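There's a structure below that I have some questions on.
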Amino acid sequence: MPDLQATLSFARKDFALDLDIGIPADGITALLGPSGCGKSTLLRLLAGLETPHQGHIRHGDRIWLDRAMDINLAPRHRRVGFMFQDYALFPHLSVARNIAFGLRRGVDKAACVRFWLDRLSLRPLAERKPSALSGGQRQRVALARALAAEPQVLLLDEPFSAVDFSLRQELRLMFQEAVADAGIPVVLVTHDLEDVRQVADRVGVMIDGQLRRLGPAEDVFARPGDAEVARVLGWPNTLAVQAWERDTARGAWGQVAASLDPLMRPPEVIAIHPDGPTPTSGQGLPVEVTRVTDMGGYHALLCRLADRSPLRIHLPKSSPVPRPGSSARLAIPRECVIPLRERSTAPNLTYPNPRHA
Amino acid sequence: MPDLQATLSFARKDFALDLDIGIPADGITALLGPSGCGKSTLLRLLAGLETPHQGHIRHGDRIWLDRAMDINLAPRHRRVGFMFQDYALFPHLSVARNIAFGLRRGVDKAACVRFWLDRLSLRPLAERKPSALSGGQRQRVALARALAAEPQVLLLDEPFSAVDFSLRQELRLMFQEAVADAGIPVVLVTHDLEDVRQVADRVGVMIDGQLRRLGPAEDVFARPGDAEVARVLGWPNTLAVQAWERDTARGAWGQVAASLDPLMRPPEVIAIHPDGPTPTSGQGLPVEVTRVTDMGGYHALLCRLADRSPLRIHLPKSSPVPRPGSSARLAIPRECVIPLRERSTAPNLTYPNPRHA
Amino acid sequence: MTSLVACAPASLALSLQVAGVVLLLFLVCGIALGYLLSQPIPLRGLLDAIISLPLVFPPIAIGFFLLMAFGRHGAIGGWLHQTLDWELVFSFQALVLASFVAGLPLVAKPIQSAIEGSARDLIEAAYTLGKGRMETLILVVIPVVRRSIVAGLTLGVGRSFGEVGITLMLGGNIIGSTETLSLAIYNRVLDGDFDCAAKLSMLLGLVSLGLFFLLRRLGRL
Amino acid sequence: MTSLVACAPASLALSLQVAGVVLLLFLVCGIALGYLLSQPIPLRGLLDAIISLPLVFPPIAIGFFLLMAFGRHGAIGGWLHQTLDWELVFSFQALVLASFVAGLPLVAKPIQSAIEGSARDLIEAAYTLGKGRMETLILVVIPVVRRSIVAGLTLGVGRSFGEVGITLMLGGNIIGSTETLSLAIYNRVLDGDFDCAAKLSMLLGLVSLGLFFLLRRLGRL
């Protein structure tokens, strides 16, 4: 199963992309990042829809791009399945003809179309035009069209963002099952953490055109590496530290006890895990409770710290909940306080390709 | 504090809206619904940007619209603060001039602009043009501009959707604090459940141009009324029931025990609350576990039932977790099974206006 | 070698005067019509059709119909002649009318589509912020679509230099009186004076190239 | 009362022939250029400028420069005369060239902007699905922008009926040989034959109105 390896430099106006990424052929890799970070541009570079200024792309043993050697395979020779954010279905063709569009020569067209219609539950829609489909149906047609062409790599740009919330879960499952046995590198760009949690085996985080973190999903979520990445991954509480005194971090927001790694440069930020802190009648971090939300399995408390910066904590249903508008003190267990640099300067946070590790 | 009452009928091509809504002047009302349900159209009708075919809108004792009496106040006389989805900031004016645009006569312009710049932390950006702002900054300018005009009603169309995920929490808090003491009806249209959970005091659910549910947030989340509304509110598991046998619901997906209200028509759907079910070695609903996700405080299990329909359950970290790909049986406590009609036909699910109740 | 002025003594001044008057007319009518057409007003379709018609209708035919209408025996021309003792045909005003009719769609339509494309939300925002139609036009619409306004005016004025069909019919191509620059080139070629024709073409070409590059800088061509 | 044919014996057939030939040329060149201009090709800006120039450049001046170039003593005309013994000026081909130059931007530019507006993603999708440029043009681009193609062709052909400036210079307005319908109207008015001019104007007007309503149905005016 050939993997995909790319080293790319690309610049346009006020945007630059510069990264090195390896994507194995098993499982799904999700790329997260704030808007404008270059996620979509990376997909377009991999597909050959944009040309980097410098770079190298290798699929298995085959070179797709090498600027130094002046090799640049046209998109149609890369055999990349690309799913566009708005799906880019051909409006003048029926669902069946859309799916048949990219079929290789020598394939039994009718049988192949039938297979994908069934696989994605599209059979009753085969003769409809895209304009007569709902968002979720379009999404499935786009996926079927991409997969029917037997791509060597599958790239998806925000595949679920144009779909109603209540359909996403089912579509994510369908997607997962459809690509599970493809045995090709699959890269999915998204800004939705739920997408990542539900479908991704590996997670990459891009910020300002750089790949700041790439690794197995659990590992990345648990150890984001730096505060910017943590925020992208949905960590709610990152507080700037102004001073360290022994094992205590201080800022305009207050102070908490934290464990410092003596080998690390003094962290600029602490992240507070929302699951550990509890209200206390003794000493603790003073907060004002602004809102309490019942989240089903737990209560979410939104608080304001001394400098008005927000803090979110989760309390089990069994604990007493302070009133909104009241002041409280929070006991913050030391293991919930994670010291981080604002921005990691380590040369390579890229997770090594498991095959080469 | 005058409330807002509206009865509206509106039709356009293949879309019709027909509803009756009352919005008190305290707290924030969020409207949820699938795309195309008419949420945005409702806001435009309330603001006077569209004219209904029949209807009546009353703000306090003042009639804004009465088609029968041929009264139709122009938008500028309704004094509605409207926040557009893309913010509609004037691109040729600085932040300060945008905020000053709607100020009433007789107001001290400079002081008022300064007040709102400070209130939404925009002071350092006062002289910038909107094109030089980030998404979150634009959002704050749009809010400041709307509020500076001292509106009698505030309407917001997807106010957080154009903002990066990691900023939304802070913006929601700012928004809440900024409108808290306005004492005017505030209606926010969104498709993001997190918006609703964090800022809404009341929740309305619109489906197909109708207001299917309106009430205090907790009440609506706990008792959606019917299955369509439940799906919009993010309830993950709604299963079609084919037959009832005593207190057992059966479908292609399997069978579970449920408590039936004898006065109700036989429910067509059961919803299974994700927090109750647990894997069991005894009798239970057979499922195939497709994915296990660590959600921080709990594990989320995605399963497939006998007919491949998805089921999502949440397990506490303390319970053992089945392997993905394995088969399991789930014990479903009776109180986790909520029987629902697919679509309520009750004539009025509108929550009564507290002032008239 | 004859000098430019000797080639067509009055034409240069005449064309500039026509362009100037037409520019003023476009400034008022073009913007007003562009704004009107972008709003949901009654009879919008009809108004739009009338303004757009010269984009497809042959100028010579337009010129002929205008000649019939404004001639001494025409419906409008007869009335003008009787009540005001004024004859439009073959006059300076005829040249202005010709350029105005030919250029109006080139001014109003781009302004209309610019408003529809980028100012619709802004207009609604101004309404909700308490402004009326006129205030909104001045405070929001004109500043926001100013590039399209300049582009439309440039196209319209450019057309006035090049207009031949309607001008021939309505103006009459009277040397020294209604001979515009374009017609002067034609007349010099008919006279076999290719030297003058070349000079005048160069002059007209330079003006047009200037307008052309202005339009490209505005991103409208 | 004279019959239409007696008014301008050869003009009707001539204008239809010019329109037909020009339609064929536009069908090939208009679509090809519209597609080319929408793609990131080298020298795109220059090509775009050359094609767009007649939108602003006065037709009489264009006509004059073409006359100089294609005349017997011109750079191209001289060569054509020497090698092929063929003279383009004052011929049927001159009328076609005049209509083609005047109408080309009206065909190519709308097709270009339609492709840029609604087919860009689709073209890329076709590439990733293994299709080349030519296949993509035929299977995707043409079917998707077909309304804009029809609209562009309509505008271009409509212009060929109305073209006066370049045609006067390059065609010479020779009665019975290069007198198009538009020129026939002008000539009849000069002769004082208003009856014929009115009939011809009505005919031309009806054709143009037909094209006009076709364009409005296509949503392109």
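Chains: A, B, C and D, in written order; residue numbering restarts at 1 for each.
The definition used in the following text is that a residue touches a chain if its C-beta (ideal position, glycine included) is under 8 Å from a C-beta of that chain, and two chains touch if they have at least 3 such contacts.
The structure displayed is predicted, hence computed values, not measured ones.
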| item | value |
| --- | --- |
| Count of contact steps on the shortest path from chain A to chain C | 2 |
| Shortest chain-hopping distance from chain B out to chain D | 2 |
| Relative to chain C, chain with the most remote C-alpha centre | A |
| Interface ranked first by C-beta contact pairs | C-D |
| Distance between chain centroids, defined by C-alpha means - chain A, chain D (Å) | 52 |
| Chain C and chain D, separation of their C-alpha mean positions in angstrom | 22 |
| Category of the chain touch graph - line, ring, star, complete, other | ring |
| Chain pairs that touch, as defined at the top of this document | A-B, A-D, B-C, C-D |
| Chain A partner contacts - residues on chain B that touch it in the complex | 34-35, 135, 164-166, 169-170, 173, 176-177, 191-193, 197-198, 218, 221, 231-232, 234, 236, 273-275, 290-291, 293-298, 300, 302, 304, 310, 312, 314, 316 |
| Contact set on chain D toward chain C in their complex | 49, 52-53, 55-61, 64-65, 67-68, 154-155, 158-159, 161-162, 164-165, 168-169, 181-183, 185-186, 189, 194, 197-198, 201, 204-205, 208-209, 211-212, 215-216, 221 |
| List of chain A residues in touch with chain D within their complex | 47-49, 74-76, 78-82, 84, 86, 88, 90-92, 101-102, 104, 145-146, 149 |
| Residues on chain D engaged by chain A in the complex (per definition of touch) | 121-122, 124-132, 139-140, 143-144 |
